[in-house]
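Residue numbering begins at 1 within each chain, and the chains themselves are lettered A, B and C in the order written.
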Amino acid sequence: MLTYIFVIAITAEAMSGALAAGRRNMDLFGVALIAFLTALGGGTVRDVLLGNYPVTWTQHPLYIYLTIGAGMFTMLIARFMHRLKQIFLLVDAMGLVAFTIIGCDVALRLDYATPVVIMAGITTGIFGGILRDIMCNRTPQVLRHELYASVSLLVALLYLGLRALEVNENLNLLVSFMFGLGMRLAAIRYQWSLPVFAYDNDQWED
Amino acid sequence: MLTYIFVIAITAEAMSGALAAGRRNMDLFGVALIAFLTALGGGTVRDVLLGNYPVTWTQHPLYIYLTIGAGMFTMLIARFMHRLKQIFLLVDAMGLVAFTIIGCDVALRLDYATPVVIMAGITTGIFGGILRDIMCNRTPQVLRHELYASVSLLVALLYLGLRALEVNENLNLLVSFMFGLGMRLAAIRYQWSLPVFAYDNDQWED
Amino acid sequence: MLTYIFVIAITAEAMSGALAAGRRNMDLFGVALIAFLTALGGGTVRDVLLGNYPVTWTQHPLYIYLTIGAGMFTMLIARFMHRLKQIFLLVDAMGLVAFTIIGCDVALRLDYATPVVIMAGITTGIFGGILRDIMCNRTPQVLRHELYASVSLLVALLYLGLRALEVNENLNLLVSFMFGLGMRLAAIRYQWSLPVFAYDNDQWED
């Protein structure tokens, strides 16, 4: 099941990357590259950090075609995308949660300590979006919006907690997934957000 | 032959990095670092992605001196560089093509699948310029100019195609190189460019 | 001793990251992430470049808690931080020097050539600050301020020079450390800086 969600999720992330590239007037190639990076960049950073070679997507060329294809497709349907906003946010939320769980699994398989497993989950969940924003020369959105990265953290904690309690793996997956999805959708609906740290002291170092 | 072109190419890339650093009023050290990253960053990202350790330039300290030296030298001759624009564009084009072929070769040696080989070629070709632009806080130029990244893609496709047809290696090198160089120079001359995706919907996210 | 300084240094770097995040109005999570990246990002980039797996911090979860905790703490005391500016600059200078020496040691242990050892030292010293600035969408400060990256270079050269002369390891550490600290503090006090390369030719590319 996680694989299906993963495939849907990388498609959604690729589309979000393509839209961001469009806002910077990038060409066809830029759109393809940003789509790819947004969808698969988080997992790539995780693999490189953990030394998990070969990097996942290099073993699944299908993901390359899929994300680039989704980016191209987005160029065609962009003018209708605002009507799809609700669906898009739903799929993006599914992606965030699925990426997080997959990221934890990879680090668990490599026997990393629990805090590293959590960081691997979060990295997989949010770093694609961070790379997208760096490439598009804007401050990463995932660190300023309603609960997003925090949902990734909570999902990782719940998933590892239930695992420590030896809850059945499939049940754990289901519970963690539904919880994360619910949290993210509620955060969007009710505009939950973390306290913001607004620091503005120009005397102090640029 | 590819080695000679490679050496010329990293020199040219280092110079382009130094000019970009100069536009941001960086100090001597910043110029050296950006020159180095622009010239050798693409190959570094490729090596890290493919797990190709040790990273190439760590085994060739000469490349470090060469790129940093080229960056320093650029500071001295910057005021005359606009007269050299034509030569500069030519050398940069040679670099793009040579980097692409070298990148493909590295991935082929490691037995990666064809789409990964192509991505390795493109990464080597364009990521130095992308890192340069990220460090200088601007949207990557290679994704917005006349055909650039696309030339890298076409060269990779041609090189792998001729290889699959078992064309003689040296002939393949020559044909792919001349084709890529011709494409890039024609793209500059006739301002060929890819369709741009201009998306501007402020209601929608961001 | 280097370990104690290292711990103090990552705390200081984490705080500088948190302040930068605050200037971009990031949320709690963004502050934590930027604090972590600023403190441990330099060492991470070094480990990935050198293929030094597992990456250091993944084996010391304490560093994760420490840097994130320091970031959170900074949010609480930010309004008083301008009074601490002198202490902060001192600790940051200690960090720069300690990071550089530690980075050289890692590369030496892996038998890299001398220029690579120097690059590893500098990378460890300055890349956390570069990642911080990239994430906060500003041009890297370390390449534009009074002597900073250059101090890292000088420390690496001195440390390796004394090592080649077979000076006692502890003495070398002490001398290199005091020299680097003195240089950096003098650079701040007397506003020493490198020549800046200001290049401004709009006709030429971009």
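Structural remarks
Here is the rule we use: a contact is a pair of C-beta atoms (placed from the backbone, for glycine too) under 8 Å apart; a residue touches a chain by one contact, two chains touch by 3 or more.
On a predicted model such as this, the values are computed, not experimentally measured, just so you know.
Fitting subunit B to subunit C on C-alpha positions gives a rotation angle of 120 degrees, to the nearest 5.
Although subunit A and subunit B carry the same sequence, what matters here is overlap: shared residue numbers make up under half of all numbers found at their interface.
Look at where the CA atoms of subunit A average out and do the same for subunit B: the two points lie 29 Å apart.
Shown for subunit B are the residues that touch two or more other chains, namely 48, 134, 137-138. Against subunit C, in their complex, subunit B makes its touches with residues 16, 18-31, 33-34, 44, 48, 53-55, 58-59, 61, 64-65, 75, 78, 81-82, 85, 134-138, 141.
Residues of subunit A touching subunit C in their complex: 48-51, 112-116, 119, 130, 134, 137-140, 143-144, 149-150, 153, 193-201, 203-206.
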